[in-house]
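The two complexes that follow have chain A in common; it is paired with chain B in the first and with chain C in the second.
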Partner chain A sequence: MKILVVGGGTGGTIVANNLSRRLAREIRAGKVVITMLSASERHMYQPGLLYVAFGQMSPDELYRDQASLLEPSIAFHVDPVTNFDLDQNRVRTQSGSTHEYDILVIATGSRIVPEEIPGLAEGAEHFFTEEGALRLHKRLMQFEGGTVALTVSIPHKCPVAPVEAMFMLHDFFKARGIRDKVRLRYHYPVNHVHATANVARWAKPEFDEAGIEYETLFNVKEIDPARKVIHSEEGTEVSYDLLIAIPPHRGMEVIEQNKLGDGGWIPTDRYKLTMDGHDNVYVIGDATNVPVSKTGSAAHYEAELVAENVASFIKTGAPGREYDGRVYCFIEAGFDRATYNSFDYVNLPELKRPTKSVHWFKVAYNQMYWTTVRGVL
Partner chain B sequence: MSNLTENAPAAASPAPPNYAQELEQLADLALLVASARDAMSDEMVARLARSFSEGVALLDRLTRNEGLMRLLQVLDRPETQHLLLGFSKALSQMSREVAIAPPARGGIAGIWQLVREPGTQEALRSLSVLGQYWSESMRELDRQATQGRTST
Partner chain C sequence: MSESKLVDARNSFCPGPLMELIAHMKRASVGDTLELLSTDQGSVEDVPAWIHKVGHEMVSTEKVGGVWHIKVRKAK
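Up next, the complex of A and B:
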């Protein structure tokens, strides 16, 4: 039985390690072979980028060698897939190799596409890449006063990131002693401060207390970097001194090029996590079109479920359980307070009062992540 | 009428609860927690979590390492422990003797003299027997590796 995992991010790494543990006996007996194909030899802890932007983590803390995170029984190749031949159960890679499989797990993630909004790439900062987060940090350190605007384009990964960024901006400028010289403006595309009603209900009074201004139903149409003006689809204009954008996201190019899903999002059964029309192809993490947040947490729970089901299928001939849409996200409410967001397909999140203890839990998790992807925790 | 009751010692009644003292203890504890919390920083929490995380990962690797577990089982046997202790003692004695022995003169005569020593002959015999068993173990390892490659 050949299991092929495409993508070495959070989801791909957890699914491969989890399978390797569950199928250790079968692997030793030569009955199962697990292979991972990744685009990079390094693994990045993406949620850490927000902390890099605020000078709370250094970029080198965000990386580990991918091979060091994988179980020794996993055959790991840095050789990204270029062609998916799902009808023939094989993929072709950049180096020209062909890998056949019995079970395929696609965990290719997502990417930012700021170029889809005119002026956004030139006029706005962001924290979704290492370079972007470092540049934003420099800009924030140089900022001496004026209007900082944050805009949100959808879809994007980590749905609570815009809210967290606003609270962290508030505490950042407060710590620098210039909060009174900075006007913080938050622009969100739906008619609440967050798409999740309970998050919006919690965040709104917190924004009011922190003196953060907000404008809802604001969909970014175009940025004029020369005049420093944001134009919205709704016809309004907002000027800024520093613009931070949550750029729109798409699935990876290889998914679009192979026509596996519109916008790079692969049509996926929300319970089984199999690709529509292909029972031996599983899709996890950002690459799915499943109606849950595009977060590492969702990828984690999905990966565990897929590993459990694939192992169960190999051992007993039937999968074990279905994905219930579970997601757990920390929400930083500044530099020293945090709360969390836990929900699934049925149960909505109930946000608690932010505390220092939860903030420390998040700080601790930033380090424990490496144990999580190894499949230990 | 009996006076037994009057003369009997009074039954010990429970001491009245000292709420003030208990509250003070609770306040002390809260102060301790608050003080620890104030003394901690994000960096300390991160360092602690990093150590914990790496420790757990290491423990996981070690406990799932079958070779290491077999090695520990071997080390658990009294004869293995005796052997290792004996080896350690011999190493220590050897290093002391070598340190004070005059430098070797070299040449065939020196080798001839060394070979005539009973200790040298014992050592050669031990090494020869060790080599014989070690070779068998190496061949077994190679057989297992070949089987693994064939079945994959």
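Up next, the complex of A and C:
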């Protein structure tokens, strides 16, 4: 039995390590082989980028060598897939190698595409790459007053990041002693300050208290970097001195090039996490079109489920359970308070009042993440 | 030629049905009809609020077996 994992991010790493442990006996007996193909020899803890933007983490804290995170029984190759031949159960890679499989797990993630909105790449900062987060930090440190605007484009990963960024901006400028010189403006696509009703109900009064202004039903159409103006699809325009964008996202290019899914999002059964029409192909994390958050947390829970089901299938001939849509996300409410958002397909998130202890747990989790992907936590 | 597309956002709390609809609307062509499936009562107000503000068209809204079927047309 050949299991092939394509992608070495949160989902791919957890699924490979989890399978390696569950199938240790079969691997030792030579009955199962697990191979991972990744585009990078390094693994990035992506949620740390928000902290880099505010000077609270250093970029080198965000990386580990991917090989060091994997169980020794996993054959790891830095050799990205270029062609998926799903009818023949094989993939081809950049180096020209061919890998056959019995079970394929696609965990290729997503990417930002600021170029989809005219002027966004030139006119806005963001915190979705190391380079972007460092540049934003520099701009924030140099900022002496004026309007900081944040816009949100769809689709995007980590739906609570825009809210977290606003609270952190508030505390950042307070700490620099210039909050009274900074106007913070938040622009959001739907008619509430967050798409999840209970998050919106919690965040709105918190925004009011912090003096954060907001405009809802605001979808970015284009940016005029020369005039520093944002135009919305809804026909309004807003001026800024510093623009921070949550850029639109797409699935990875290889998914689109192989026509596996519109926009790079692979049609996936929301309960089994199998690709539509391909029962031996699982899809996890950002790469799916499942209607849950594109977050490491969703990828984590999905990866555990797929590992359990693949191992169960190999051992008993049947999968064990279905994905229930579970997601758990911390929400930073500034530099020293946080809450969390936990929900599934049936149960709405119910937000608690932010506390220092949840914030410090999040800070600890920023380090504990490495035990999570190794499968220890 | 205009197409009809289904956006299945049942049991989606985050990012939620309207976010799913907007994402699909971006990728649709003018004249396409999108049918949003939602189990969120809030969609009945949230979807028309956005559709009217941005200038697309509401086609129909009905509840079938506990699921809202909200049809909209991309107008621009």
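In this section, the second predicted complex is superposed on the first by the 377 of 377 C-alpha atoms of A that agree within 3 Å, B and C clash if a C-alpha of one lies under 4 Å from a C-alpha of the other, contacts with A are read in each partner's own complex, and residues count from 1 in each chain.
In this section, a contact is a pair of C-beta atoms (placed from the backbone, for glycine too) under 8 Å apart; a residue touches a chain by one contact, two chains touch by 3 or more.
Just so it is clear, the model here is predicted, and its values are computed rather than measured.
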Open item on the list: Between chain B and chain C, whom does A:P155 touch in the aligned arrangement: first, second, both, or neither?
Closed with: second
Open item on the list: Going by the contact rule set out at the top, does A:E234 touch chain B (first), chain C (second), both, or neither?
Closed with: second
TODO: Considering only touches as defined above, state whether A:A195 meets chain B (first), chain C (second), both or neither.
DONE: second
- [ ] Please indicate which partner A:V376 is in contact with in the superposed arrangement: first for chain B, second for chain C, both, or neither.
- [x] first
TODO: Return first, second, both or neither, reflecting whether A:M141 touches chain B, chain C, both chains, or no partner chain.
DONE: neither
TODO: Examine A:V33 and indicate which partner it touches, taking first as chain B and second as chain C; both and neither are also allowed.
DONE: first
Open item on the list: If we overlay the two complexes on their shared chain A, which of chain B and chain C does A:Y365 touch? Say first, second, both or neither.
Closed with: first
TODO: Between chain B and chain C, point out the one touching more chain A residues.
DONE: C
- [ ] Name, in rising order, each residue of chain A that touches chain C in their complex.
- [x] 154-155, 159, 189-192, 195-197, 199, 217, 219, 233-235, 248, 262-263, 291-293, 325, 327, 341, 343, 345-346, 348-349
Task: Contacting residues of chain B [partner chain A, same complex] - done: 37, 40, 42, 45-46, 48-50, 52-54, 56-57, 60, 64, 148, 151-152
Open item on the list: Looking at the complex, which residues from chain C come into contact with chain A?
Closed with: 8-16, 18-20, 22-23, 26-27, 40, 42, 45-46, 49-50, 53-55
Open item on the list: Please output the residues of chain A touching chain B within their complex, sorted ascending.
Closed with: 21, 24, 29-30, 33, 56, 336, 356, 359-360, 363-368, 370-371, 374, 376-377
